[in-house]
Amino acid sequence: MSVFDQVGDWLTNPDHWKTTLGIAGIPQRLGEHLQYTGLAVLIAAVIAIPLGAYIGHTGRGGTVVVGVVNSFRALPELGLLILLVLAMGLTLALEAVTIALVLLAVPVLLAGTYSGVRNVDRAAVDAARGMGMSEWEILLKVELPNALPLILGAVRSATLQVIATASIAAAVSLGGLGRFVIDGNALREYDQMAAGAVLIAGLAIVVELLLTGLQWLVVSPGLRKKTSRRTRARTAIPTSR
Amino acid sequence: MNWVIDHIPELLSAAVDHLQLALLPVVVGLVLSLPLGWVANRWTVARAILVPVSGLLYTIPSLALFVMMPLLLGTKILDPINVQAALTIYTVALLVRSIADALAAVPDSVVQAASAMGYRTVGRFFAVELPLAIPVLVAGVRVAAVSNISLVAVGQIIGVGGLGYFLLHGAQSSPPNYQEIIAGIALIVLLALVVDGLLALAGRALTPWTRQQRGPVGRGRSVVSR
Amino acid sequence: MPTQGVRVIEFQSVTKRYADGTVAVDSLDLTIDAGRITVLVGPSGCGKTTSLRMINRMVEATSGTILVNGEDIRAQRPATLRRGIGYVIQNAGLFPHRTVIDNIATVPVLLGTKKAAARRRAEELLDTVGLPRELGKRYPAQLSGGQQQRVGVARALAADPPVLLMDEPFSAVDPVVRDDLQEELLRLQSELGKTIVFVTHDIDEAIKLGDKVAVLRVGGELAQYDTPATLLAKPVDDFVASFVGRDRGYRALGFLSAHGAEVVPLSTIPLGSPVDEARAALTGGWGVVVDENQAPLGWVSTSSLSTVEGELRSADLVAGGSLYVADSPKSGSLRTALDAALSSPSGVGIAVDSGGAVTGGVTAESVLKALDEARRSGEVPS
Amino acid sequence: GGSSDPLANQSTAAGGTSAAPAPAGTLVIGSANFPESTLLAEIYAGVLEAKGVKVTKKLGIGSREAYYPGLQDGSIDLIPEYTGTLLTHIDKTAKQTSADDVYTALQKALPEKLTVLDKSSAEDKDAVVVTKDTATKLNLKSIEDLVKSGSVTFGGPPEFQKRADGLPGLKETYNLEVKEYKSLDAGGPLTVDALKSGAVQAADLFTTDPAITANDFVVLDDPKNNFAAQNVVPLVTKSKADDTVKQALNAVSAKLTTEVLIELNAKLSAPDKPDAAKVAKDWLTSVGLL
Amino acid sequence: MPTQGVRVIEFQSVTKRYADGTVAVDSLDLTIDAGRITVLVGPSGCGKTTSLRMINRMVEATSGTILVNGEDIRAQRPATLRRGIGYVIQNAGLFPHRTVIDNIATVPVLLGTKKAAARRRAEELLDTVGLPRELGKRYPAQLSGGQQQRVGVARALAADPPVLLMDEPFSAVDPVVRDDLQEELLRLQSELGKTIVFVTHDIDEAIKLGDKVAVLRVGGELAQYDTPATLLAKPVDDFVASFVGRDRGYRALGFLSAHGAEVVPLSTIPLGSPVDEARAALTGGWGVVVDENQAPLGWVSTSSLSTVEGELRSADLVAGGSLYVADSPKSGSLRTALDAALSSPSGVGIAVDSGGAVTGGVTAESVLKALDEARRSGEVPS
């Protein structure tokens, strides 16, 4: 029997879709994964998008943003998780994971919002100011709608990065789909490990597609395909995985 | 600090392993993605396939990819090749798109001028298009190197993790050996920053023309804002 | 036509010094006439944009006062001030995320007009600037540069502001489209009578559009402020003279009506006439061949007819020169009259009426006489 | 698993630490990847070196699944083992639970090449542990009481979910059904923290864990012997086990007791995190083996 | 001066149809003279670029033959062919990653010249195109648009190709710089005698630079192929006439030397002379005030002097018109002479020698007389 068949069997085994002998099944793990991800992205968005918009609008502090984002890239997610969970203890495990994930998502969202607002055609902003919009109106009616593609792109990257990192949360005794990989490894059950990996990858891809669809729905048609090849090259570095 | 001082040799040798696990994929990935990026820029159809596929590959979480590599490669699960192959995939996924975009961003007038001067396709690629793509390329390589260095640690979950060993091992001691964990994190961050800085310097050295852009021209024409 | 308040704009020793110490505008005194097009022109970096943007407080003057209709602009909040002043810039600065209609409707909606009403008005404005209404649903990226620029003008006109500021609005479009846009602006201005301040670095554009032209020199000093005719005829110094460029004597003729130039009768020969008849009809060795509407087709001369037999055909004609319209004081200028004469193979320029029919001929000498008279009667500044 | 199972036949070169084969005539000592195993390996190494045996150390190899094949192919020659789990690793069907039964069965089950020397009285076995508060509140003395007190949240290492003496064994022996199982670490700080903080009511810990006494935890009795005896024993390649080796290691096993293990483990987890080698040397000296 | 093979370029019923069906060039027949500047001009999309790029096979002709020096261009491999033909485009298309020197040295290095030798040659070429050698070490981004364009020309000249193709090379720079570059190109051409094919959509540029001008119409047909003077004087049809533009009579004067126009003596008055002396010296009520080098400073007239006392100061002068140079047959044209007369407040244009000293005056009437004579003697095509 090939490994693919074993993975298939594992995934279709009804025991793995419910709690058996106190061991949680796929739906619960998926729910935990989504809970970690959703909570972290939401909190990060509430922090980073207004801040990024403000910095982008005023143009002050741009270098700080770039510096923060770059140095956060170097931080190993696994280490951050371990440290926070150990330091805060298991009763605060959810909080610890959330903090770690928020710390990962904030720089991505901050950079996306900042560069989104910054990259709005200066002539359009100038025109908006010239026709008597207040700074507030400029931000809300011109800069943010035009920055939307980049902001949503950042939300996508951040979400995917959080999904990836949430799966290693199991290494520090938390739930989520990573549980199957860790337990499978400890039990030397490769079918469980591989099935866990397939579930995580599948979740990431589905979320990616959903968010891409959302982006297509929400962004003004006037902004579609507008990004010239040149600006694409400048913003081509994704921040996901 | 006692623990750290007592274990400097282990830390250093793990750091060397770590770098090797992280950077070999960058080199291999770069070599693979140059022709792929060129192809993606050359033919619209190739681009329409390569770019979305690499985007999708890039979305797969690292732990999942590490675990799936044996399935794809037929390797043993503890083989360091798994981690290196997965990181190579990320690097290629990242760079193919950067290279395609960077090549597309080379001004048409420059490409035309090169052809008109008698460059053939290959000569033109190496003499003109590739050098002009360097800034974007270096940016991509920096991201790949830094994220690989951070990801190698995740490999420790399946047994191949360079400095990641100290993260899990420190967490396993009872009570947790914070010195060990923090030393691991700090070394990983340090490696990432040093490699990033070296790559940035290399990038600057390779692209002297991007410096002092604002020469005697260009003042006065600056956009007046606010 | 909407009623407009008189809007005079006055600069009273206005200076702008930027944070880095650059003096962009140096104690500028300037009175801009209401209901006219005033053009600010000068080399790059001379402070044109700065001067313009001080009017709507996009740039705050360092010292001095700017009055609009006698009122200090600092009396109003910037945003309020700006809503009453239209502003058009290069590349139009349209909002990429809004349709053409919504771009145009922006200010009315800001001012509280209902969306539907603002859109109806925006559609009318598309007519005003000469764009088909179908374009209203498009996004800016789907328009050509010239079309975008027209939308920019429409947007600036939407709140019906008495004052319009335009900063090199046409400099990014190609020459043919620019010509179109300039004509359109002149037509609009004659219909709407706005007070327009227009910035350009192109002296030809300045002369074509401006009722008055202010020439600035680098450092933000006003070098000369005059009508285009005076500017061409009497540049105050070498800077202005060289800026105004060569051919200024000839171009200045463009401001003098050709009405004063004597038109002599011309012998016209219908196409298809027998060659013998044509030969008999020549005056001074030349004759104009016309179609059934008396529109000129070309010339024949003693020598050109020497080898021709039978009836006059198109192929027998000598190509004509340029034409000039001479049936009202406002139409042709001495410039077009002189060129008609100079370009004509016979040395006689063809005058036509606005229907295009030949009314007579004009010689270069009679143009010069008319110029002389104009000079003597003071029509030409000297 | 099938032949394509990537987990099958893992070499001993776990973690990419494979090195050149040890020079002939030296004895290669391995250890598993938890502190106590490393410590025991250091003790064996210390005493053998004192007797003039050339030793090479390959410590922290990983789990039994990783190192056991290494003994068979000669990558390592000696490793500290635990009788109970080693037996079930070799013979999945083994049912023996008492110390001597297990030891006898183990000697029979071992392949030709390998042998175990004298077992020590030191035992480090899994145990179900609760906090003192829980024990008092629910009136718990043994695992049977836990069943009576109703469903609990149970914590332990991931492999406890499926091991014969893990959840399946507790269900079979005591009919214990946990409400929820939380995968934690193998008797590490997370398990201790989970117990203390109440994240789990009961947990699988090792009897030599100094955290048990430090936190005043209560080890529940195992009257039906769900957990087999786990005496520390040297597992060695027969061909390398000459008399010097046998005598030296048997002398160590004679001195090694559960109390000693607890004490040494406590030393290892002291705040200054001393090296296992040092702790081993100090102990060997104190009992007169050096 | 390098020796050049004669290079005639011949289009023999060449057609280009793009993949999408657009016919960009339609059976073009054209012979381009060796050692001359030939300009292709026409509205946007008329196939100028396509025609030009077929010469170096950047675009392959669909049918027909192109001969260079009698040889079919398809006989060589494209890359080899191109190394022998210089090519200059808008924005220069310089390699941003190479210094100016290395940009210029590109083709010689490609052809196998040693790097050091190629660089030395590149430095000489900097002189040739009028750039200081210090610029050699800069990167293109550190140059102004005009400087970049000069480097583009130097690069195209580096392999000393007998043929130079230039596609709207000057259209992206501002008018003043463009004028400079045009002058420079004319100077270069007179020194080097290359065969230059130059594309532009600006008829003024075509007329200024071309020894011969080919006017194309949309669809890729050749409308007219003539010298600039003939083009202005005798456009073959309405399309060409309207493309050549208004003022063509006046601009055609640019091809006639001012030498034929009678220069009358002018009374010159040194600055600082007593006003009474100045009054006495006026001719016809006007006099030219000059400095110590006899360079004109401005005019005085009976009326302008009526309120002045004491000595003549700068402030008392009436601004002068444009000047024209009249000391050799090649210098000034009837166009500059006429403009000098028209722009002068006295009606008399000031003629100067090449040193700038006043040599006399010219009236519009005498210019017209000179034109008449030129016409009679056949200098003007008619």
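Order of writing sets the labels: A, B, C, D and E. Residues in every chain begin at 1.
Heads up, the rule we're going with is that a residue touches a chain if its C-beta (ideal position, glycine included) is under 8 Å from a C-beta of that chain, and two chains touch if they have at least 3 such contacts.
Worth saying up front: this structure is predicted, and the values here are computed from it rather than measured.
Note on connectivity: the fewest chain-to-chain touch steps from subunit C to subunit D number 2. Of all chains displayed, B has the C-alpha centre closest to the centre of the whole protein C-alpha set.
The chain with its Cα centre farthest from the Cα centre of subunit C is D.
Computed centre separation for the pair subunit A/subunit C is 56 angstrom, with centres defined by C-alpha atoms.
With centres defined as mean CA coordinates, subunit E is found 95 Å away from subunit D. The distance from the centre of subunit C to the centre of subunit E, each centre being the mean of the chain's C-alpha atoms, comes to 27 Å. Computed centre separation for the pair subunit A/subunit D is 41 angstrom, with centres defined by C-alpha atoms. The set of subunit D residues that touch two or more partner chains comprises 4, 6-7, 185, 189-190. Contacts with at least two other chains are made by residues 3, 86, 126, 129, 172, 182, 185, 190 of subunit A.
Those residues of subunit B in touch with two or more other chains are numbered 70-71, 77, 171, 176, 226.
Of all the residues in subunit C, the ones that touch subunit A in their complex are 56, 58, 78-84, 86-87, 89-99, 106-107, 110, 139-142, 152, 155-156, 165. On subunit A, the positions that touch subunit D within their shared complex are 1-3, 6, 19, 21-24, 85-86, 89-91, 93, 170, 172-173, 179, 182-183, 185-191. Interface residues of subunit E facing subunit C in the complex, by the touch rule stated above, are 43-44, 174-175, 201-202, 232-237, 241, 246-250, 252-253, 318-319, 321-322, 335-336, 338-345, 347, 349, 364-365, 368, 371-372, 375, 382. Against subunit B, in their complex, subunit A makes its touches with residues 3-4, 7, 59, 70-71, 73-80, 82-83, 86, 122, 125-126, 129, 160, 163-165, 167-168, 171-172, 178, 181-182, 185, 190, 193-194, 196-198, 200-201, 204-205, 208, 229-230, 232-234, 236-241. Those residues of subunit B that touch subunit A in the complex are listed here as 55-56, 58-68, 70-71, 77, 90, 94, 97-98, 101-102, 104-105, 136, 139-140, 143, 146-147, 149-151, 153-154, 156-158, 164, 167-168, 170-171, 176, 178, 181-182, 184-185, 188-189, 192-193, 196, 223, 225-226.
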